[in-house]
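First chain written, first letter: the chains are A, B, C and D, and each begins at residue 1.
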Amino acid sequence: MLVKSRMSKYPLTIDPDESLSDAHAYMREQKVRHLPVVKSDEKMLGLIAEDDLLKAEPSSATSLSVWEIHHLLMEVKVKSVMVKEVITTTEDTPIEEAAHLMLDNKIGCLPVIRDDKLVGIITESDIFRTFMELFAAREKGLRITLEGPNKAGELAKVTRAVADEGGYISACGTFNLEDTTKKGITLKVRNVDREILSEALSKIEGSSIIDIRKM
Amino acid sequence: MLVKSRMSKYPLTIDPDESLSDAHAYMREQKVRHLPVVKSDEKMLGLIAEDDLLKAEPSSATSLSVWEIHHLLMEVKVKSVMVKEVITTTEDTPIEEAAHLMLDNKIGCLPVIRDDKLVGIITESDIFRTFMELFAAREKGLRITLEGPNKAGELAKVTRAVADEGGYISACGTFNLEDTTKKGITLKVRNVDREILSEALSKIEGSSIIDIRKM
Amino acid sequence: MLVKSRMSKYPLTIDPDESLSDAHAYMREQKVRHLPVVKSDEKMLGLIAEDDLLKAEPSSATSLSVWEIHHLLMEVKVKSVMVKEVITTTEDTPIEEAAHLMLDNKIGCLPVIRDDKLVGIITESDIFRTFMELFAAREKGLRITLEGPNKAGELAKVTRAVADEGGYISACGTFNLEDTTKKGITLKVRNVDREILSEALSKIEGSSIIDIRKM
Amino acid sequence: MLVKSRMSKYPLTIDPDESLSDAHAYMREQKVRHLPVVKSDEKMLGLIAEDDLLKAEPSSATSLSVWEIHHLLMEVKVKSVMVKEVITTTEDTPIEEAAHLMLDNKIGCLPVIRDDKLVGIITESDIFRTFMELFAAREKGLRITLEGPNKAGELAKVTRAVADEGGYISACGTFNLEDTTKKGITLKVRNVDREILSEALSKIEGSSIIDIRKM
C-alpha cells in the first residue's frame, strides 16, 4: 500500500497573498486544518496549519490589545507565516513511512509532491481509515487473535488452517508481544463457523487463541 | 490486538476545580492535548481538550477585551467547560474500533474505563504507532505488495510460498482494491533473497508482484 | 459662555450599519474617541466610544479565541453596541453645566442637539481649552492671587484698584477657600508695573496678595 | 489658584515589580486609570496608565493567541511597560499650566513632585471640578453674560454696578470674543433682584447683556 492509493488528489490550496483572516475563514468553511500554499504554477511554496495562523509576527505588533491582533489578522499575509521547510512525501512512498513521518514530526498531514508540483495530500484521517481497513473493521466476521511461536512458517500454518475450512480472510495483521519468542496474529474471517474455526486453529502446535469475537 | 495492549496506563488527570489557566499551563508542561477530569475517587467526571479551554462561558463575559478574557481564564474552572458526555472505550475493545470512534467523532483520544473508573487512555499517537507496527515499519526487510484473486485460500498460498523459501514474515496486511475481484497483500519479509522470493511468489497463479523494495 | 460658543460644529459621525472593525479604524484615523451614530436624516440614534466597541455581545460568542473576537469585530454592527440613552446638551446650555454633566457621568463628550438633530459636539478638550482661557493662560502678564473678605463689593474694589493704575485685566476668576469667611481672586493683568500694582492692591483693607508672578 | 490647592495628596501608587495583571486588577478595584510607580523610598520611577498595560513587549510574544497574551499579563512586570519620562508638575504651579500640560500632551493626570518625591496627583477630574467652581456652578444665583469694550477699567465698572445694588458676586470669569474689540464677562450673582440688576448693568456705556438666567 503506497501513498498514492490512499492520498486525496487535487487538494484545496491557498494563495500566498491571502490574509490570515481569509485563510482562517476558508479553512473553517472547508473544514480542513491545513492548506498547502500554491501560486498559479502549482509549485508548492509552503504549508499553513490552523495553529500557524496565530504565529503572525507578534514582533510587528505594538500592543497586546484585541485591536492590534485584529489588525494583524487582516493585514498579515499567508506567505509571511507559512512553514517554508515543509515535510513532504511522494506517491510511491509506503504508507507506513508516511505515518512514521507524521508521528515523529507531530504533524497532521503530508503534501504529496511529484516533480516539484503538488499532486495530493495525505492526512491523519487517511491513516486512520487505512488502519481500520487493515482490520476490515467495517466488515462483518469473526475476529480472532492468536499467539504463536515467533518463527518462519507460522503465519502460513494459520492461514492454511483457515483456508482448509473454507474461511475467507478479509483482514490479517501481525504484531509483537512482550514475550519476544511469540508473535500475535489478528484475523478477520468469514464463511466459516466459529466452533469449527476454533477447533481447527487450536490444533496448530504452539498456537493458542487469546480472543475470538463475532463483529 | 485490544485497547489494553496499546493504551497508556495511569494517565495524567486534572481536578475539576482547577482554573482554565492552570489547566493550560499543565497541558503545556506535560505536552498533552487532553486531560481526563477526575476527583479523588478516580471516577472520571469529564474530559478537557486544549481547544475546549477557550470555550469558557463567553456569555459570562462583559466585553471582548483581553482583560475580560484574562480574568475568565483565571476564574473559570475546568468543571464548567469540560465535556461531560465523554466518548470512552474499554480495555477489551478491539483497537480498530477505538480508531473508528476517534475518526467518526473527530476526537484525538479515548479514556479507557473499567467499573466507572479511569484505567487508561488511548490516543491518536497510539494508533499511529500500532499502524507502523502492523507494517513492521521499524524493522528491516523486503517489503512486497502483491495483487491476487479476492478469494479464500489466497493468503495461505502466499504465506506458504514465503515459508517454503525459509522467509520470516515480520508483517502481513491485506487491503481492498478498486477492482473488487482482487485483493492486495503487503508483506515485510526477511531471511530470504530478493530474487528467490520474487521468483517463488510469481509462480502463484493469478497473483502478481506490484511493488518490491528493500527497506 | 454657552455651549454653542465652544462646541465643534458639524462633528464626524458614523452610520449605524458600519462594523465595529470599520468604526475602530475610522476613529483611529480621525483621532477621535467618540462618534455620534447618525442615519442620513441627521437624527442621532446613539453614541459609540472607543471602549464600547469591545462590549460587542460577548454572549453571541462561542469561544474566547482571538478568531471568535476577530469575527465578531467584523460582523457585529455599530447599532448593536452603541449607547442609545445618550446624555446630550443644547447650544444654549451654560458651559459649566456641560462640564458638570461630563464629570458626574464620567463621559468624555456631549453631543449637542437642536430639534432632535445633531448640531455639534463638546468634549473634554473643549472644557480644558476654555479653562485655560478663563485664566488667559496663553497671554503674558502678571498673575496675581489675592485673598479677601467673602462679601459683596470686594471684587469691585480689587478691579477698581487695578483700573486706577491703568492695568488691563485679561482674566479674572474667583474661588472658594477653606476659610469660608474669605474668598480668593486670581487676576491676569498687563500694562502695569509689578511694584506699583502690588502696592495698590495691598492698600485694600482686608485683602492680601498670596501669590504674584510674571508669566 | 495653584496645583497644591486642588491636587489629591497621598495618591495610590504601585510597586514596579507587580505584574500587569495585578496592576490592572488594582486599578479596577480602586477605580483609577493611572498609577505612579513608586519603590519604598517614595521616589517616583514611572507612571502607568490602564492603556499602557497592553503595551507589554509584544516582541517577546511568540503568538497572537489569547494564551500568549494571558501568560504575558501574568509574567511581565509594571517596570517594563511603565512610562519612564513622566510629565510632572509641582505644588506651586498655576493650575491653568497644569491643564495646559495635560491638554497638549493628551494625558489625564500629572504627578506632583517635591524634592524628587511624589507628594500628590492632579487629574482631569480635578480640572473639571475647578472649572465648575470658577463658575460657581453648584451655587444658586443669577448667571449673567455681558459683552463690553475690550479695554482697561471695564471689569471694574461692571463689578461696581453689581456692588452698588448690594449684589454678591460668587463667580466672575472673562473670555475672548470673535470681535476682539470686545470682551465677554460671565458673572454669578446673588442677593439682588433680576430686574434691578439688569437695569443697573444696562446703564454701563458700551456694555450689553447677552444672556441672563436664574440657576
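Simple rule for what comes next: a residue touches a chain if its C-beta (ideal position, glycine included) is under 8 Å from a C-beta of that chain, and two chains touch if they have at least 3 such contacts.
Predicted, not measured: the structure shown is a model, and the values here were computed from it.
Of all chains in the assembly, those touching subunit B and also subunit C are A, D. Chain pairs A-B and B-D differ in how many C-beta pairs they share in contact, with the greater number at A-B. Looking at which positions face the partner, subunit A and subunit D present mostly the same ones, since more than half of the interface numbers are shared. Subunit A and subunit B have CA centres that are 9 Å apart.
Mean C-alpha position of subunit B lies 67 Å from that of subunit D. Subunit B has residues 54, 64-66, 69, 73 in contact with two or more other chains.
Partner subunit A is touched in their complex by these residues of subunit B: 1-2, 64-66, 92, 94-97, 99-100, 102-103, 124-125, 127-138, 143, 145, 151-153, 155-156, 159-160, 162-163, 166-176, 184, 186, 191, 211, 213, 215.
Interface residues of subunit D facing subunit B in the complex, by the touch rule stated above, are 21, 24, 54, 66-67, 69-70, 73-74. Taken together, the subunit B residues at the contact with subunit C in this complex read 54-56, 58-59, 61-65, 68-69, 72-73.
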